[in-house]
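Chain lettering (A, B and C) follows the sequence in which the chains are written, and residue indices restart at 1 in each chain.
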């Protein structure tokens, strides 16, 4: 008769370049999840709100926003890849593919690209992975790399510094419905802001998005709805037994939530005449988020480009930054801004010449 | 290079009688939203719970309750009409039309009826508007007037006191499926209370609805799910910087939530043998609601009338009042009742002679 | 003119063996409810997550887990059976039948089996009931007995000790899709854990499920979504007026929530290669749960048996226990484990020989 406490998740020694993980679970996007994530983050893009508008724009129905797609796929990798992580270092080259609709089932597969033991600490190392998420038709909906700092199971274990020569060849480009005519889109153009077309943006401008949103203990349920059961988000008792061990000494909010919230907060200013996000070149959680914190965001327009093959669209090259405020310490005056999220983000945007009424 | 903080919403000077706003967004009612709103408010009408019962009663499926319809349409008007409001004064003549089902997309349009600058304070005035909500087939699902006290952008601006001669001619009557036979409805009559038929009510009686429900910080997510991003409901940091400026010095709960909750609390006593609400003649938020407050409600039966053209139904003319309690101040004894909501409400109700088993 | 406060629910005197209650409401399972309940409890069985997997396994779509089915049906009985209960004593012989899918409508019917006035206290007694839940096709989805301690309306009332000779003959067996071939299931076998097949379990072993989850005030909304309006879960004001009268002096969490949560916590270790729960022989809430408590669970494997008529399945006979911790009192050292839930549970489990890749 044994008492068994299953340990799931992998340590640094378990990863080797080329190893492939076909992650457990999968997830069918249901309307409950769509409602919770599309709306809590203050998204205003009518593609994510209004099925008539979405169909007019050539989609099959309400479109799942990239933040939700990212969360559904990313969460499936957590147990295998970052269960024993010390820190989630960076998202790299996150690209979006086929649109995702309510009722689609997304499954995820990860290939280990590189393992790099730390040269300064022998109890950890960095794992560099590539993940692709596909729908039930086998179409790629998202593909991204991630770098995670992972603990070793045994500090004395020898882990080889190794990497694949190149990452798997997985095609992933936004699939945006073909352009029709200006008259086709005009009847519903009023459903989005009139000043967020491609022509309205100037490189160098910074939009301080005016809205903020406090996150409450709701984060626990939201994280569970993504099937992310990581204990630092949901096990209050665990934290209480040893608060010094955990950042902030309290439950920390899963990073996918501020990721999603910052995208939503940017919406009314830069994202509501947009059919798709193209790529997040790099992303980092630069500060922690806790229940009771109010999240704010800003978008810097870094560049504008044509969209290859699409005269009706342009590409905005932006930096999205999320922040919160902490109380001043002695000697400081007024609330102190703390950055929590950083994302280099390219967005496909409608041209007024082609879409406005 | 500019730092841009978009200001959305209008001030008193921006409104003129006859101006029409085709509001942004629109909203497809999904099952997540339906679940959150239909159930949080303790609704017991089986039309909103049980699709088999709803279809037996001639509807296409689960019916969205009037509180949800009101919230989905009203929220779409908030940015254009009341973003810079000092107070939401009154709902007037709120009428319900075609039934709303899950999957329907509702869009909203508002016409300015009158602008009345204040005679005592030169920094504000009252805007009187008319809003119609339509589904994807162009059918009117709700139509109502609203009076809002709005700030001026510039106290020195001269605003004319003006009004339309008459409001837009928009037909809006409840669309209630045709009556079949008593035998048709009897098999599922037990799913509603046996003592809430038209014959059971006596003008003059007051029902103190026995249930109460505390509202928690869940209100933030519920309000976001309606796409209402008004900062006094969700930006904790904003309040903390200047608590004296905000009622209660804390986040205040969006009025649509107690509106919805009081309707739900009335359900087991007056509303579970009802196919539709007809009109809310006038409605006011008479007191604020905060996280941690428990909401109660009462319904006064003021009159009973026949339903024109429908021998199977009657009309209950009621007053719905919502209240909470505050702690006693010095000199007072016991918790003090505070009214928070007042609604003159006419309900269509089944006659026992036609519907009971 | 009367002031009316409707009292709903029954007292001991109102129950007599043989009396049948056709409960009010009914409930169509929508995706919002499915999302909230299937995900908050950390379920990992892909039948409840991934519609492609569910269909591959012969189901029509996402399967509602037994905890959700139990909650939807049980909640419909609360007003008639336990509105005036002093304590919910025991679930007995809870059996699962036809699978439940999103969109199904469940209705409930209860027969009183026995009434036993207390011999030691003349103000209460035990009511023993049998409830069956059926879907819109009339198929039984769940059937269970329950014992509840109920208050008398009048302590002087004479209540007869009586019982039915036998309970209603209602067939209820799990309906599990027919087995196909190992090759059929293999492509998606990786979506569940590789070590939770029937062959992997040894009678005598105890699995301490490694995850815990704190429950927050979210319980109020979750309980409302089940149409359970029992005031001890939602009326904060009621508790504040008389805290000594209520267990813990605060809102208590509805038992269906830890019931559901413990089932979910067991999932990764014993339940993710399982097509159905068969029977819960007995279940009891052995301790209270409050907002802020972290819930843990363990499963003891008591026995293994063949599944009659199904070579591809086995039966695990288990005991599921839920617990939390309380702070130590004087003289105690370290957090003290408090059991909150106890369930004797038989689970149908896939055999590796028939299902693994």
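In this section, a residue touches a chain if its C-beta (ideal position, glycine included) is under 8 Å from a C-beta of that chain, and two chains touch if they have at least 3 such contacts.
It should be emphasised that the depicted structure is a prediction, and the values quoted were computed from it without experimental measurement.
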### Task
Count the residue numbers both chain B and chain C use at their shared interface, divide by all numbers used there, and answer same if that is over half, different if under half.
different
### Query
Once chain A is fitted to chain B on CA atoms, what angle does the rotation have, in steps of 5 degrees?
120
### Summary
Distance between the CA centroids of chain B and chain C (whole Å) is 35
### Shared-contact residues (touching 2 or more other chains) in chain B
30-33, 35-36, 217-218
## Note on the structure
chain B residues touching chain C in their complex are 30-36, 39-42, 44, 46, 49-53, 62, 102, 188, 190-193, 195, 202, 204-214, 216-218, 268-269, 272, 292, 294, 296, 324-325, 335
### Query
In the complex formed with chain C, which residues of chain A make contact?
1-8, 22-28, 30-33, 35-36, 103, 105, 107, 136, 217-218, 220-221, 224-227, 229, 231, 234-238, 241, 251
